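To keep things simple, chains are lettered A, B and C as they appear, and every chain counts its residues starting from 1.
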Amino acid sequence: MTEPLLKVRGLKIGATVYPPGEKPRDIEIVHGVDFDLMPGKVLGLIGESGAGKSTIGLASMAYGRGGVKITGGEVWVNGRDILKSSLKDIRKLRGGEVTYVSQSAAASFNPAKQIMEQVTEAAILQGKFSKKDAEARAVELFRKLGLPDPENIGRRYPHQVSGGQLQRCMTALALCPEPDLVVFDEPTTALDVTTQIDVLAAIKDAIRDTGVAALYITHDLAVVAQVSDDIMVLKMGDMVEYGATDQIINHPREDYTKALVSVRSIEHPEKSPAGEPVLKCEHITARYKGTQFDVLHDVNVELYPGQTLAVVGESGSGKSTLARVITGLLPPRDGKIIFDGRELTPDLSSRPIDDLRELQMIYQMADTAMNPRQTVGTIIGRPLEFYFGLKGEAKQKRIQELLDEIELGKGFQDRYPAELSGGQKQRVCIARALAAKPKLIICDEVTSALDPLVADGILKLLLELQKIEDVAYLFITHDLATVRAIADSIAVMYQGRVQRYGGKTEVLTPPFDDYTDLLLSSVPEMKLGWLEDVLANRKMESAGN
Amino acid sequence: MFTNIPVSAMIGLFFTALYFIAAIFAPFLAPYGMAEVVGDVWEPSSANHLLGTDNIGRDLLTRMIYGGRTTIFIATAATILSFVTGSVLGFLAAVLGGWADQVLSRLVDLLMSIPSLILALVVLAVLPVTVTTLILVMGLLDSTRVFRLSRAVAVDINVMDYVEAAKLRGEKRGWIIFREILPNALSPLVAEMGLRFIFMVLFISTLSFLGLGVQPPLADWGGIVKENKDGIVYGIGAALYPAIAIATLAISVNLVADWILNRTTSLKGGRG
Amino acid sequence: MHPILKLVLQRIALGILLLFAASAMIFGLTEALPGDAAQAVLGQGATEEALANLRREMGLDQPAITRYFQWLGGIVQGDLGTSITNRLDIATSISNRLGNTLFLAFWAAVFSVPLAIFLGLLAVRYQNRWPDKVISGATLATISIPEFLIGYVLVYFIAVQLGWFAPLALISDSMSLGQKLHAIALPVIVLTMVVLAHMMRMTRAAILNVMQSAYIETAELKGLSTFNVIRKHAFPNAIAPIVTVVMLNLAYLVVGVVVVEVVFVYPGMGQYLVDAVVKRDVPVVLACGVIFAGIYISLNLIADLVSILANPRLRHPK
């Protein structure tokens, strides 16, 4: 039997944290992890934020980011324990035997140097290739990774290529010195959905063609299922489950893994339009002040009481602008907004108080949506006081009712946002919106900043509340899995226009237009071999390449 | 709320308080009258005159205590003026935006394109030099810095989603400024206040030293240096006492400001 | 036209505009405030007639706008007007003094700039360890004492007690460079200490900012030695912020010079300006004020231009 390329035993990693105003304190973030990686194989490290997956990845290069220190255990690479090696030997390992691809290529490239110099630097420094050969290899890799104009792209500066292209360049950088192992740290997370799949496919091909081994770190189990041979599930610095990809995806043993696998599987039967629409956008056209082009062109959508309209699109599609127009933050150039049978004035400041009350908003970043100097009680209590004049005992009682509705219970009124978890913060924001007894809530990417399991909880809560309060949601998102889970009707937006619009089943049933096809096919599915199927059947190239 | 104050902040608080108390109760603490000639020129320190006497035979400890009173009073008044003007205009510029912001910001750019000492000298060349003039000139010139800081802080907060949420709720401008923006802007502003105060102490001392600040016989720390500087070449250190006074006061205020900044950001609900 | 050239020209135009606005402001301040130059010369007891005569002679009977443009026109041609206290041509008096001031500032810069960058690097290298703490403690001390007091403390200990240098920095044209340097040693040390603190702190911050970038981590993960990480990746990006720091501090030096010259009775612009302010010699104050403003604005402009020219995004547009 061959020796493993990477053998990790009892790995413990600690960090020093500096809480403001307190003494620095040492904490342990990885509590003893074991795994093996054979040459040419791909191991997926998966977990939610705080699981310690990036830290473990960097430990295979004997590197600790910031105040992070490896406190115990062994890391064997090519038969030697690198934690016992001298700094000089570690420098030979880094960039030679093991290389790294970060989440943000845009930050990881030196802005002052040409791409080619940076891609070939390690290969030349480590004595693997001459400058000429390294450049030839880089061009070869650029071609393999599907970069346009592979001969000349190396002469550009990092800011002169797109995000998706730079991420491919970073992969070329990692592969150029012919390493034995590449650590991929969330390499596609920061990209737009349709670009993500292409980069993922390019990485997968490159791994296969070069025969390199890889650690693939991500929070998205569906993504890692496409590229890895084995998967290790991590939670709070502990290993939860470790096995072959097929076993983890199709026969998970641990409850936590099962939850991760079944995430986004909420069933929500479509409701058909009934009664008068609560919101009607008629021929909305809008542009930002001081610009010369429209970001919304002739948008027409309707939303019925107690139902959910999902507005789907990538960044730049105009979906968030639509929310700003409806709320009155951006008066449209043309078109009408009919809300509950009456026409809304274009500008926020001239709307009567009841219009404001009945139309509430929940934001993507719950962190910035709540005043950090106000308690949860004040945050939820203010709309009660402002719209209904509730005071004292009555207000307290209503706040507690709302807290019960969002499943937070007692003892939260006096807490500050900083003392809440990400999911709890978003729940408080939901309570604040509900406090106004709205007819419509605009949800702007409300789950995209959350870990998958937490996001699932929020979606379930929103569906539950919709039944109780009979409130309509205008749900803005880039994530089609979320749309499937929550929508009754869907509007697909592309470059400021509604590309496809109708009931959920109708919109998600073929035949598709090219863009909808691209978007739908870009959502990773928890299924082995999905990536190959999708790429074989695509009609349109993604824009971000 | 005053539990576990770090040692450095404790020292800072102690000396800051000491100086302010000495300033307020100067007439009761000083052993002699402010302008009273009580001995020979530049007497060395003795039981009667702890710090010795100055260039015309006044008790130096008395001069230092009264000098501290003048310096601290002028610096405090100028800091308050600078803060009130700078932060009110800064917040208004941030919240109103548009032409009001443009006019104020360009004006401040212009004022800051010239070092404030030079600008102060130009103004003092034509104005009568009185305590009121000094406070006005120093306070207004310095308010440009407070304006920039408070505007920047308020602009950052003004684009936060919670401010937008308040606007969407239909809140009035008063609520938005006082309940949403101000509480979050407070800690950087308070820390800046300490720095501005120190700067004012240095500024008034410099002006007095140049003969353009507090006019004799009124004592202030910069003036004491000016009065006694000729003694230095004879090895008489009377002019150096203000150095110790100014340095300890400045360092103490710095330590307090640092602590306030740290403490308020680590408060429950502190940002970040 | 290359976009960066356009941007540079725009900034220079803006700098010139600012210079004009600043000169107008300086002139306007001396106009708008109560009291006038004639009154200042003749004192409170002057008769109306004498005042009117002097006003006419000084051109004070003309409207302010006219006088501003006359004054500005004079400056552009090198005519700074006449002092009202000693009736001497200001340009002649200034030329020698400006040279002296620049001489002093130049030597202060020669010592302080390399020292500040070196100490800044040292503080970064030993971040949060004792060299960093000692440096930042010393910094806090020097920024807590006004320039003139640092001056006197040094005079007291180094000149008077130790007798190494003269307490006053008197220089004349007949002195050799060595003699001159010995004469200005103390003021140079004071100025160095004054700007060193700020410059070092800002350098430290600028380098730390670069060192915390993700591309530095990339370089470390390529196996580069610390020296090469700094030389090949940190330095090219740190140079612009450091030059900015240096320029801003040289501008700060201009202010420090005024006070330090008074302490050491050094025959420079600062001394001249302070004397003129005490004597209420408005034309001299105006001339000195405009020159100081000009130097200050120019140095800030250079800082601006360097950071534009060093920005790869602007140098290599899409």
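Please note the rule applied: a contact is a pair of C-beta atoms (placed from the backbone, for glycine too) under 8 Å apart; a residue touches a chain by one contact, two chains touch by 3 or more.
Being a predicted model, the structure only gives us computed values, none of them experimental.
Contact counts per chain pair peak at B-C. Greatest Cα centroid separation from subunit B: this falls to A. Separating the centre of subunit A from that of subunit C, both taken as means of CA atoms, is a distance of 50 Å.
We define each chain's centre as the mean of its Cα atoms; on that basis subunit B and subunit C are separated by 23 Å. Between subunit A and subunit B, the centres computed from C-alpha atoms are 48 Å apart. Against subunit C, in their complex, subunit A makes its touches with residues 61, 63, 65, 90-96, 99-100, 102, 104, 107-113, 118, 121-122, 125-126, 156-157, 159-160, 173. Chain contact summary for the complex, subunit B toward subunit C: residues 109-111, 113-115, 117-119, 121-128, 198, 202, 205-206, 209-212, 222, 225, 229, 232-235, 237, 239-240, 242-243, 246-247, 250-251, 254. On the side of subunit A, the complex with subunit B involves touching residues 19-22, 327-329, 348, 351, 353, 356-357, 360-361, 363, 365, 368-375, 382-383, 386, 415-419, 432, 436.
The part of subunit B that touches subunit A in the complex is made up of residues 160-162, 164-165, 167-171, 179-180, 183-184, 262-263, 265-266, 268-272. Across the interface of their complex, subunit B is touched by residues 18, 21-22, 25-26, 29-30, 33-35, 40, 140-141, 143-150, 152-153, 155-156, 159-161, 167, 251-252, 254-255, 258-259, 262-263, 273-274, 276-278, 280-282, 285-286, 289, 292-293, 296-297, 300 of subunit C.
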